[in-house]
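Labels A, B, C and D are assigned to the chains in the order they are written; within every chain, residues are numbered from 1.
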């Protein structure tokens, strides 16, 4: 094994102020191997990879990378340039693309000498096209990246690494924003490349793909490595136990009779900036005691639908009825008043005001409430008490309710939003990608809360690109494609997948 | 004798033409050994009163400056320091016992330069570029225009203000525009105008300071202001303990040597020189009074 | 109406427009480079003053005209470096640092000038750049006076437009600058230095700005005056947005502003009696706002503008 | 390689000490121009302190200079809190001043009890209108407010000159482009006999307190902070972002307008085109030095005013060019900026991080 080792991390540690993000973590990776790195949100996976790539300087530890001849040599730390030169490529959890540039420029960025007075764009294009043909990862090269879909952007990120001749590829949650089909294609391409000697470390919260595509699994918990096993010897329950340190409860879902309609969209059209975010004559009804799953490939009008329900978009045509009464000119405030709870897709950007306190974020939707204010002044004691109570009830963990919300981890931010939404016992809930990027524990908690609300009598619109999640939670599934909403009348994975691709009615 | 302590407070840098004349006269007095001279330049009007009081507190005997922006406040300061002498550029009158005023009353030589210009123009268009349309400027422009019309009734004026004391490139552009519109004599109230005149080979008339050395062959005549008469008079009064509130404006008149005309006889026709000299004599003898008009001058159409 | 037509047809009007636009071209290009890299440089007004003072002073001390241009650029680069250090590695507020640089650069220039020349009544003059009297070209009808009787600095400004365009759009360095202004992480992840690119861009941009100032004292005029920059730097900040951060449009914007200004003096001389002169003075600014309102819909900000970036932090 | 990390434990001593230390360092830098001009720095520092704190008059002058800076500082701080980049306080100041003289200079001969509030309200309204226009252009057309407010400064200043040569011109002013004086009963009362410091200062301090309170404690402040920190989230949460922006635009413009009212009705009495030596721009600096906190604005304004008045007075006492004052102010500003940074962050020099083999 040693002669085939291409990467070795030795005792890496890193702390951020009081937080120990990584504590004496060692790992090794063999040529052609796919290693899955698992762990809850905040376990330190990204931090570990960032040290490997040179974004962070470790407090202790070393990294060794095999050179072309297969000889392990120490890697200078803290320099992405050195990592790139040593053949390490990294696809970051959050895209690191310049959106004003096209894919070609993004891919060649940093690969060409800055002093040169000419670029060889033709040569670069030829090379990239060869890599695309070889890897099966295709993306348009001439369009500004800002106009590409997330799937295309993800592929550009990987192409960036391949263009730099990466022999070790780090993928930090590459499928968090991809559809199952896209994810499968991606992994198939990667698998093919590993056969030619590419070694891969990938981070994921989706156990299905971990089990399907990795050779080996390493688990981090609270910054320490707590286990390593061959994938062939692993099963979901064992991995979950290792990650959380305990068994995760399974979600139980009982059958329920749907009640009265709580949301009725009739011929709703939204003219979006592009084809992607428009809605065409959409009809949709959601009942009390019902979870309606909206499946679809990303960019087929999901955001337009979400914007209509959350009041951000004013439809060009059609009627919206919530709980039986028509909403004439929708706005977020009117929707809140009508009893709509909204879990936004992008929790960092739309869900919270990071610089404001957890407590303030908990009341931000109900500033007119007399519990929150009297005569225009905030009732600070009441707000704090209320926040403490909610944080306890919804298990929002972090540095306290007076701390800025941005300090919370992703999972806890989502819990904050859940608390804010569910507390008001909404009649209708819009849950847009509610578990994206969450670890298993946190995702299970979201599911449990949604089911609880359904029990209570709420109608729920669950928009998700994770078909497993929809199939697990929804009573009824519709597919959104090209701005139109189609009933599926079934829970058949295959059939829904085909409908999403537009190949069956 | 004991040197008189003099301080000057200027709202613009000492390069500004108007201020440079006061500065020069005070420097001359200092070089002569009559005074100890200190000054603050570029003092914002907001800060002006503080600076006045600071100098007064320091025991300065004579404070010279310009109070066009704070006539009332300045007089209040003077009242608070009755032992200090104030000699201030001002549009209003003196206030007993210690607040005297002056102004650049060189409308007389300006009238004479106007005569030169009126005779010199062949296109009968004269361009005038000013900084701001304040009475100090307007009055001299009107005198100049009157002088030009007196010798050439057909003359037309185009007038432009650039709304800045210090933007020579802009003044130059403004002058170019006037020459494009036919002006062949330029009234150079601002820096930059004469430069434009040199480039296009037309004539220019100077104001306040003598720039003929910088633009030989271009400046046909200049109306000069001399502050020496005013300053020396004030210093003498302070030294002699006889400083009183008075209007020193007359010391800028030609009769006191406060204003004068220079003309380049190689550029001006002899009969014009003669006519101008005759008018100059009339003014000096008190036989001719140049009209004073403080309104904003406008272009003829 | 006839007057207006006559003005617009005259070569001297267009020559004046280009002349007035020249310092603005330098300034807008400089500001554009800084902002493309993600940093607003409100130090521009002060850097103009420094350029005007240093360039002129160098020539006055005997450095020669091109020596003066070089000195001005270096002085601008120095203040740019100061702004860069404050805003890039230290990540301080770009607004405040910029205004601070303007105040600092202006007061250093004024203090230096006054301390060096305590007793001048009229500022010393230099022999400025002369119009390039090119053999045949200058005698061409219309184009001759408009284009070929300008000074070398005007030509340098126009050449800079092409150079900046080329560098930004055709070289790896330019691509990297555009990337760092959009998403610094993209540059960092590819092994390039965010700090290096940004600091370099600000220094280079500031050097260009200083040339705008140098034009005022070495070409448009031949001496240095207090206050002679007179807001020209601020105008450039506006023009950058009008230009949507593109060199070609920057040239257009500067020329438009120059044309408005040239038109303004001409209309004022023609119609000064009918309308208060200030109406004309206001016109270039009002038209700039109108142009901005029209251009705003398509304005595409460098996304990282004003955002500090720290290595190893999220 | 250097790294920058937020300080984990910021001590009180540091929070207070570093700004003071930075100011001291700035003064040390000031020795360079002083020596260049041939003056003795040590004597100069003594003169500088005397110039600000040496007498009641000196202190009152410092407070007089600080007053407009508090108003414009507040104007910038509140707008910037909402990420509305109002660079136009200078113009809005003049709008306020124009409104003040328009009603106060004899147009209405009311008793002071009515006239003063009227002047204050109309002045603030004029400033507010001056900020409403760019805010409208921003929300309607997406026109960047940095540019529009900046350009409006020039437009308003030229407009002012037009007014001062036209409708607002004092018929008794002997042709000078200046307004008629505000009636005596319309003036903000002075605070001290024979001193210039006036009750505009009290108004400024009260407004700073109110702003501080409202920002932290009111729903209005909550909305403002939310919009400024994350407009998308605020909008999603049902906050009317446009209305919030307009609200703060009007308050910001109003505060800048009050700076003009305070200068013209508290100090000068009549309006000229050089009323403000850049108070609007300095207000931005004040606001940022204060970390956009209203109470901080008061401290920062006092600081800037002290440095300016002290250095200005010192330049006279030492016989060096009066351009020194602005130079010392700008050096202090830059040093305090860096000092504030050092108080918040640690700069760590680390080796290149080569791995030991």
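The criterion applied here is as follows: contacts are C-beta pairs under 8 Å (C-beta built on N, C-alpha and C of every residue); 3 or more make two chains touch, one makes a residue touch a chain.
Which chain is which protein? Per UniProt: A = ABC transporter ATP-binding protein; C = Sugar ABC transporter, permease protein; D = ABC transporter permease.
Here the structure is a predicted model, which is why all the values come from computation and not from measurement.
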Fewest hops from subunit A to subunit D - one hop per pair of touching chains: 1
Per Cα centroids, the chain farthest from subunit D: A
Inter-chain pair with the most contacting C-beta pairs: C-D
Whole-Å gap between the CA centroids of subunit A and subunit B: 75
Euclidean distance of C-alpha centroids - subunit B vs subunit D, Å: 36
Whole-Å gap separating subunit A and subunit C, where each centre is the average of the chain's CA atoms: 45
Gap in Å, rounded to a whole number, between the CA centres of subunit D and subunit C: 27
Subunit A: positions in contact with at least two other chains: 57, 79
Junction residues of subunit C, two or more chains touched: 110, 114, 278, 281, 311-312
Set of subunit D residues in contact with two or more other chains: 3, 158, 161, 165, 321, 323
Pairwise chain contacts under the document criterion: A-C, A-D, B-C, B-D, C-D
In the complex with subunit A, residue positions of subunit C that touch it: 170-173, 175-176, 178-179, 181-183, 185-192, 300, 302-303, 311-312
Subunit B-facing residues of subunit D, complex: 51, 57, 61, 64-65, 158, 161, 165, 173-178, 181, 194, 196, 263, 267-269, 272, 274-277, 309, 312-313, 315-317, 319, 321-323
Subunit B residues touching subunit C - in the complex, by the definition given at the top: 12-15, 20, 23-24, 27, 41-42, 127, 133, 158-161, 163-170, 172-174, 176-178, 180-181, 191-192, 195, 209, 211, 214, 298-301
Residue numbers on subunit C that touch subunit D, as the complex places them: 40, 82, 86, 89-93, 95-97, 99-101, 103-104, 106-108, 110-111, 114-115, 118, 231, 234-235, 237-238, 241-242, 276, 278-279, 281-282, 285-286, 288-289, 292-293, 296-297, 299, 310-313
Contact footprint of subunit B on subunit C as seen in their complex: 10, 12-13, 16, 19-20, 110, 114, 119-123, 125, 216, 220-223, 225-228, 230, 261-262, 265-266, 268-273, 277-278, 281
